[in-house]
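Can you read through this structure? Questions will come right after.
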Amino acid sequence: MFQAAKSLDDALSAIADGCMLVVPREVAGVPMHATRALIRRGVKRLHLVALPTSSLQADMLIGAGCVETLETSAVSLGEFGPAPRFTAALTVGTIKMKDATCPALHTALQAAEKGVPFMPLRGLIGSDVLKYRNDWKVIDNPFGNDDPIVLLPAIKPDVALIHAAMADRFGNVWIGRQRELATMAHASAKTVATVEKIHDGNLLDDPVLAAGTLPGFYVDSVAVCERGAWPLGLPDAYGADAGHLAEYARMAATVEGFAEYLDKYVYDKCAA
Amino acid sequence: MFQAAKSLDDALSAIADGCMLVVPREVAGVPMHATRALIRRGVKRLHLVALPTSSLQADMLIGAGCVETLETSAVSLGEFGPAPRFTAALTVGTIKMKDATCPALHTALQAAEKGVPFMPLRGLIGSDVLKYRNDWKVIDNPFGNDDPIVLLPAIKPDVALIHAAMADRFGNVWIGRQRELATMAHASAKTVATVEKIHDGNLLDDPVLAAGTLPGFYVDSVAVCERGAWPLGLPDAYGADAGHLAEYARMAATVEGFAEYLDKYVYDKCAA
Amino acid sequence: MCMTSAPLSFRPEELLADVIARLIGDVRHVAVGNASPIPATAALLARERGNGRPYVSLLGSPQHTFWTDGGRELFDCAGQGRIDVFFLSGGQIDGHGNINLVSIGDYAHPKVRFPGSYGSAHLYYVVPKVILFRTEHSRRTLVPDVDFISAPGANAPNVYRPGGPIALVTNRCLFSFANGRFTLDSVHPGHSVADVVENTGFDFDRPAHVPDTEPPSPTTLKLLRETVAPQLAEVYPQFALQVFGVGQSALTG
Amino acid sequence: MCMTSAPLSFRPEELLADVIARLIGDVRHVAVGNASPIPATAALLARERGNGRPYVSLLGSPQHTFWTDGGRELFDCAGQGRIDVFFLSGGQIDGHGNINLVSIGDYAHPKVRFPGSYGSAHLYYVVPKVILFRTEHSRRTLVPDVDFISAPGANAPNVYRPGGPIALVTNRCLFSFANGRFTLDSVHPGHSVADVVENTGFDFDRPAHVPDTEPPSPTTLKLLRETVAPQLAEVYPQFALQVFGVGQSALTG
């Protein structure tokens, strides 16, 4: 339950080495400021679940050596090309990859949200995505007739880390249409949010704002990080910083360049 | 997809005799004005699914002979006592009852929303709710060890009938925190909405309103019915009419009294 | 039991709320269903004693619930293990802790039909502490075996069941529940073990000496009347007025 | 095929959009993934021709999607049967319609790693008309067998699969897909059957005479340039400018 955080690092203390951390897709409000703080702290051995895809965030965490296992459907810089540290890690084999497909991750988080051990999903049969996931099972649909269907075990992260437009002093976080952020919080033991600003008053008191609010009941800590998704965008607030992403793609193409990038944009706190 | 309705009866034309109709619980915005119109039209043989419970709406539809099968977790007038027409129909045996438990109905609608044939639910084992539902199945959890779990088949209604605060001219309906209304629409082949008023502009254009909006993509018709939930309440708009509900409870206690109630409040269009 | 002829210095509702508050204990989250003023009083009392812990959700009231994910959120929340205490009742409750919210007589042709099982067939299994509460303590309500099991009191050991009944509170006494049976823990002032035996349709265990239910202390009564009652009046104005003489206007006017 | 030496009166993108718009046909809802300007052009063209039908969702653009239920809504919507046409591609596509978005070489130690399967392992099964689109038509991309099956082109008859591939559109030609195989339907102006054979790594069927792909009519070109391009410019400003010479300012300025 919600406790006001003293600092960003204090808020992030829930994210321990070796924990399962779920983060949102690249367009849903990615806590990049918090991600840089985690890299500075040197978090290790994360089981990172990107719901259902990621871009810069997963690439940086991988490049910085924070990730042991990655579970997602895709990592890419989009128009800026492949995600270089992700690609390098997978060709060299330095992280364990659990390839998924987008709705499988949504479904597995919803299973945890509903407190059930699994949920079914159509598709997947005959794919190598299924073939390499020995944690997924195929059963004969008990309501059908010779109808194989995939069951996905619930994903129950230790921590959900999200970024959103605002929160109030009660830990309520306004997530708008990004409802997977609520599912992430419901499914996870703890939730840490960074937000652009604090809303005066209680978000749940206004029925219109409440409709887009993740209740503080599910939120353990909140830290204010203005432009906290930079250089990614935040829906309805600001767009991605294309120039910076191009610079990242260029620098992160090599191990040395990536180290320089971290020095310039992560370890130098002022720039972060 | 959305078409502007010419009238309430026009909007309700999607609700054919014998169809499976899903309606919301008594506090979520019940389309009572539309319910009275359906009774006037004399709709027959409904498979009524009340998600997950009902009060006046189910009781009136049952009393008026519109219901063949009822699937819900409870029907009651709450502080005004038992639902008299429901109780009478079940003791006499004039309708087929499919007793459920609240989360089973939410889950079965979510299965339809996700396009899967079933979903699991914890609980139920050892209950007579399960014993009398031969459409539900128990399997051994494939991810567990001697761990029986109930599977519920998806409920795919023909029509969802809802009432909400407002809609725009594109069929977008603002449902606020009543998110089961979205699940109902997603799960159903068609959706009919009555609303208190029309919102000028497009609800999806405002990120704050959009967060509480059911997109017109899922809505087939919308009719304006001011105080359309009366004598029940509408969240954040108006409360229930306690005097009227007490009058209903009194009158509907007998077949004759219920007929008088219909004459006074349903067949006399002006009063409706 | 020693009967007192002096008038009680507290109302039965105050005693019951105090008993229930003790059963709630030190937990994170108590949820109270609709139309349950005494459990609501108990939950608010527990919160006052715990300096804000547990978190209390009063389901009938949008002001006292945080739900923003629709009607399913209560059940999902319980399934996640985020509801520690809930209250259930029954048209019938039997000695195995089974509850019946459906019907009396043959299910297909019932003599009496109740509203239905609501969420009991899920919540009774997943909420760690379910407190059964039924003020009417009679052989009509407390029966050897219910006619319809909306939710069973216990399951075979292999059935996933992190939750279940811990107690049954009536107008006459407090039963605890363990290993599929009720035990008479205490009898409320003004009632006797003989009363309880006579009015209970099921077998139950009891120690050689059954204590009286501890009456609410002056501190508790003060807390109930001065601090809890005004909060309660927001949700249960009639109850608060009738039991505590506290009107809603005290807070909102 | 009769090669023409006269310069084409349309751009390749216009031809491809026209081909795809015909494949879309008369349906209710077309969804187009991120970074897919040519399929988006085709969907908007189909909508213009159909007087507003089909409904078009351009996934990259909040203004051109209706989602309010989070990232899952696209997949739920498809699972409900509410998406009739979708587009997929692949680092490799093989003659069985299998697509590979994951890796080349051994999965555990890949020589090349692509981003990942995205939603293909679900959408390919449930969307009735999936149009495969890959402009690069070479033996590198169109292979006998993919190294990793992100989603298969076909399944055994007992597998639930209301959807799947209906065609593959490349910079050289249009293949249709049925019964687990591709058939060469037409070759785009400026290319030849021999070109196609030489640059395709998989076997495919073809009729004795393979027609040229029908070029876009003057009416279609007018519609594309005057009506579709300004709409496109809202989502793909650079593409609209480059292909159609239309700036975003035309609409929003």
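Just so it is clear, A, B, C and D label the chains in written order, and each chain counts residues from 1 on its own.
As a convention for this text, contacts are C-beta pairs under 8 Å (C-beta built on N, C-alpha and C of every residue); 3 or more make two chains touch, one makes a residue touch a chain.
Keep in mind that what you see is a predicted model, and the values were worked out from it rather than measured.
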Chains contacting each of chain B and chain C, listed by label: A
Common touching chains of chain D and chain A: B
Farthest chain relative to chain D (centres taken as mean CA coordinates): C
Distance from the mean Cα position of chain D to that of chain B, given in whole angstrom: 41
Whole-Å gap between the CA centroids of chain A and chain B: 36
Where chain C and chain D are represented by their mean Cα positions, the distance between them in whole Å: 61
Two or more partner chains touched - positions in chain A: 107, 110, 114-116, 121-122, 144, 147, 149, 177, 182, 210-212, 235-236
Interface hub residues of chain D, defined as touching at least two other chains: 67-69, 72, 75-76, 79, 126
Chain pairs in mutual contact under the definition given at the outset: A-B, A-C, A-D, B-C, B-D
Contact set on chain B toward chain C in their complex: 24-25, 28, 51-53, 72-76, 78-79, 82-83, 86-87, 90-91, 93, 99-104, 106-107, 110, 121-132, 144, 146-149, 177-183, 235-236
Residue numbers on chain C that touch chain A, as the complex places them: 28-29, 55, 66-69, 72, 75-82, 126
Of all residues in chain A, those that touch chain C in their complex: 1, 112-116, 172, 182, 186-187, 204, 210-218
Chain B residues within the chain A interface of the complex: 107, 110, 114-122, 137, 139, 141-144, 147, 149, 151, 153, 175-177, 207-212, 235-236
Complex interface listing, chain D residues touching chain A: 34-35, 62, 67-72, 75-76, 79, 101-103, 107-126, 148-152, 155-156, 158-160
